[in-house]
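In this document, chain identifiers A, B, C and D correspond to the written order of the chains, with residue numbering beginning at 1 in each.
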Amino acid sequence: MVSPDPRMPHGYSLPLSPHGTASLVPAPPWHYVGDFLVIEYWADPDAVAAVLPEGLEPFGEDPGRAAALFVDWQSCSEGGGELADPVRSQYREFFIVVNAMLDGELVTSCPYIWVDQPFALMRGWIQGFPKKLGSVWLTRTFGLECRADPGLAPGATFAGTLAAGDRRLAQGSVTLEQLSERGPTHNDPRLVNVRHFPRLAAGHHGSPAVHELVGGVSRDRAISAIWEGSATLELFDAPNEEHAALAPVRVGRGFRFSFAYTVDDLETLRDLV
Amino acid sequence: MVSPDPRMPHGYSLPLSPHGTASLVPAPPWHYVGDFLVIEYWADPDAVAAVLPEGLEPFGEDPGRAAALFVDWQSCSEGGGELADPVRSQYREFFIVVNAMLDGELVTSCPYIWVDQPFALMRGWIQGFPKKLGSVWLTRTFGLECRADPGLAPGATFAGTLAAGDRRLAQGSVTLEQLSERGPTHNDPRLVNVRHFPRLAAGHHGSPAVHELVGGVSRDRAISAIWEGSATLELFDAPNEEHAALAPVRVGRGFRFSFAYTVDDLETLRDLV
Amino acid sequence: MVSPDPRMPHGYSLPLSPHGTASLVPAPPWHYVGDFLVIEYWADPDAVAAVLPEGLEPFGEDPGRAAALFVDWQSCSEGGGELADPVRSQYREFFIVVNAMLDGELVTSCPYIWVDQPFALMRGWIQGFPKKLGSVWLTRTFGLECRADPGLAPGATFAGTLAAGDRRLAQGSVTLEQLSERGPTHNDPRLVNVRHFPRLAAGHHGSPAVHELVGGVSRDRAISAIWEGSATLELFDAPNEEHAALAPVRVGRGFRFSFAYTVDDLETLRDLV
Amino acid sequence: MVSPDPRMPHGYSLPLSPHGTASLVPAPPWHYVGDFLVIEYWADPDAVAAVLPEGLEPFGEDPGRAAALFVDWQSCSEGGGELADPVRSQYREFFIVVNAMLDGELVTSCPYIWVDQPFALMRGWIQGFPKKLGSVWLTRTFGLECRADPGLAPGATFAGTLAAGDRRLAQGSVTLEQLSERGPTHNDPRLVNVRHFPRLAAGHHGSPAVHELVGGVSRDRAISAIWEGSATLELFDAPNEEHAALAPVRVGRGFRFSFAYTVDDLETLRDLV
């Protein structure tokens, strides 16, 4: 235990400081709520297999199964202080998950993810989400019947877009048809990712300090009614990116809903070092 | 009439182009929907008088009456295409209005306003809003009962913040108490602003090409239920800014609601050149 | 003359204010210095003709002649105060110019231009530059021989990129070969643009308040040594943009140099309303 | 060694990918060149002692000695590809260093640092720099005698500013007097920082996965002539920040120069877990 020593700079994450209040990522729990666009799709099975970390096997029954998610988030730590200074609370996110098997259990894994705020970037690395910074936008609804609001009704279209490095990397949409009975399934299994932190010492660049298979843990989940409809999805190639190898060969259903949960735990499944 | 000549570059605003589709601001109508935080307050009456344009007189009955508004907007032009590419549709805004008299009619006037998107900046200048670019954030609600969502209920606090030029310029909050019967009044009278476009020819820098008193016109207005409660407001001084002269001497009630309207008209009240 | 009345809100541009210091664009003169990448090229002659404003004729002798410019600017108004708060002083810019004839004189005209700061956006509209906001980046040199600096020497490559609306819109490069004797010529003739400010009154959307052919005026020009070499240029299509119609059919020479000037005048050549 | 297995997603940092080209931070070496403003100053000695990590002792001889640095960087990895896409190459940085003793050796340590690009943020964490994202600006010189360029000459003023979380956090300036014989000394000793990566498993939030005292290693250093002069420095308090406790009690000399180096090593001095 390092941080509790009040005579030393402390805090959950860098920067450590005398009062422990300067951390880029404050201590858990982290409370989240957000609006989701989920697009179920299938990528090339070989491309899916190529992004699976050590320890995961392809999902033989349906090996290209994937989903793309655009999320409009608001989050805070225990005190809730970020809600009163929302520049430290809100962010938007795009990510891809693929299905895989871990010791006979169906799981999802996230090979690529972008957010538009630095606290979310670093919070992701701590959880094993391989986050980069990008620009993400989602169509919103405000609950008024008017021309600028698609509304939550059959025929309404909600779009999501992602750019990073000054290039458009992804765009998708969901056109609502009806309330959904089942909700999305491609992104439903437990998330299993790689937590990874590199080493810089000469001769050890290939030996990360942290490299482990981790399983997501959450609690206090809440969800709204789920709308379902047809969907589109495009992934665009770019330098310094490989997500376009996971471009859809077939697009399935799309979903829109709101979801909340709390995170203050993570399970290490396997040390990969 | 200039733009209709299809052989010439055309469009509603610059850049004019062969197909007329490159304009920073597309042609009206402009449809809007947004979430509002309205904070009624009183500034120093002399400071209010000092920002009134030619043609407006102080509101003698209550000469310091003002309001501060944070708004989270989504907007589109007639085709609605911006909703499918929301980086061109959404923006956030902070502005101050003061009350004044125009020929015996109670009106409001907007001396200072900031938005976070360039299309909204220029659309504002076309309407007589003196927009600058800034960074505006508002607490949001997502309709789920959870720790990251203040909810629409007594005790919930919604905050707004403004920065520009890398400085915090304003922050305020509204803590909900109850549904409001009257709604806000300080910002209710018709908006009367100055439309202004400078001249650069040597010797004519003080003779703007456009300088006129204009009255806002809108249609197809819709509004949600209005929540009301206590409020806070701070305005901070900064180089290249004068809004802090309108800092509150007394803060009144705060309001939160959603509002939609359409704009495709403007009334010129008086040419000030 | 409007602004000198010290009892009224005044200033060169919106927002007008009691002390006249809040204007988004301060009063001229505007002093500029910047690093330039100029790429001479030829576009499809029909595409060039299609972007010429009323009053300009194609340059018959070489009708597709154009240039693309990436510029890394620092600017200030008379007091120079922006240099001490450089967030209000620096910006980057990409623009295209095409050659044309005006009453027998060879001129250039700028159909499309992007900058990354709002004061530069609005300053452009006042001058007749049809500016939009974008993200522009240019390779820099720092004068040290090292791996992170291309240096000013044969073989060094300087790149420029433009994005707007979360899409890459242009990229180009110049690989230095030698000091240039002639310097660039495609962008050399006087700039003739359209100053344009729309009207919002119903029934008058096609009748801009300002619509005039203007000729650029500058003074106190200074220039560094000019490097010259081979060049590349790509323009990418995007929604809400038409610049890609001016994509190169042939790319010529590229140039890199520093340039300074002062602007406080503009010549109206013809009223187009 | 994990990454070399070509059948697994690999790369130096997250995201790991089939071809190893998607990493937010590419593999070392990292080559840097930048323009520096260094402001030597003295903070309250107790405040300096309070930010020293375990293992460092106050510098008894001059216990408040510190420096503030604004840097305008360009960097690339071995291939140099970032120079051709400069959005991935350039960033600006502000940081504070304080002097301290490590086993009898005079060192510097960096308690607080901000950069404006995500690759630099994460590259910092890998090196033990406690980086947050901010907005940093520095006055530039372009080598032309003109009104928009302070020039490198006696009397020229160069400013630096920092904002984060939509608040101004620091500003400083250096007014050149003469070429410097000694150069800055407060920031000269070797950098000793804390490399730190948290744990999220419940019950272990106070037990970071990585927590070690590290010493910076660099090579291939190059430096320009150094200008020296008078200086100013202000640090501003803000929520979620503690740097203002290190505000100057006395400001010393300021320096401006360009500097380049390469980093591909780091020395672990002590494991602090």
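The definition used in the following text is that contacts are C-beta pairs under 8 Å (C-beta built on N, C-alpha and C of every residue); 3 or more make two chains touch, one makes a residue touch a chain.
Since this is a predicted model, take the numbers as computed values, not measurements.
Two copies of one sequence, chain C and chain D, touch each other mainly through matching residues, since over half of the numbers at the interface are common to both.
For the pairs A-D and A-C, the larger set of C-beta contacts lies at A-D.
Measuring from the averaged C-alpha position of chain A to that of chain D gives a distance of 30 Å.
With centres set at the average Cα position, the gap from chain C to chain D is 34 Å.
Centre-to-centre spacing of chain A and chain C amounts to 40 Å, using the average Cα coordinate of each chain. Under the contact definition stated at the top, the residues of chain B that touch 2 or more other chains are 85, 87, 135, 137, 161, 163, 166.
Within the complex formed with chain B, the chain C residues making contact are 1-5, 8-9, 12-19, 21-22, 24-25, 27-28, 47, 50-54, 81, 85, 87-88, 111-113, 118, 121-122, 125-127, 130-133, 165-166, 194, 196-202, 205-211, 217, 239-243, 245, 263-268, 272-273. Chain D meets chain C in the complex at residues 31-35, 74-76, 80, 83-87, 89-90, 135, 137-140, 142-150, 157, 159, 161, 163, 171, 173, 220, 222-224, 258-262.
Those residues of chain A that touch chain C in the shared complex are 135, 137, 161-163, 166-168.
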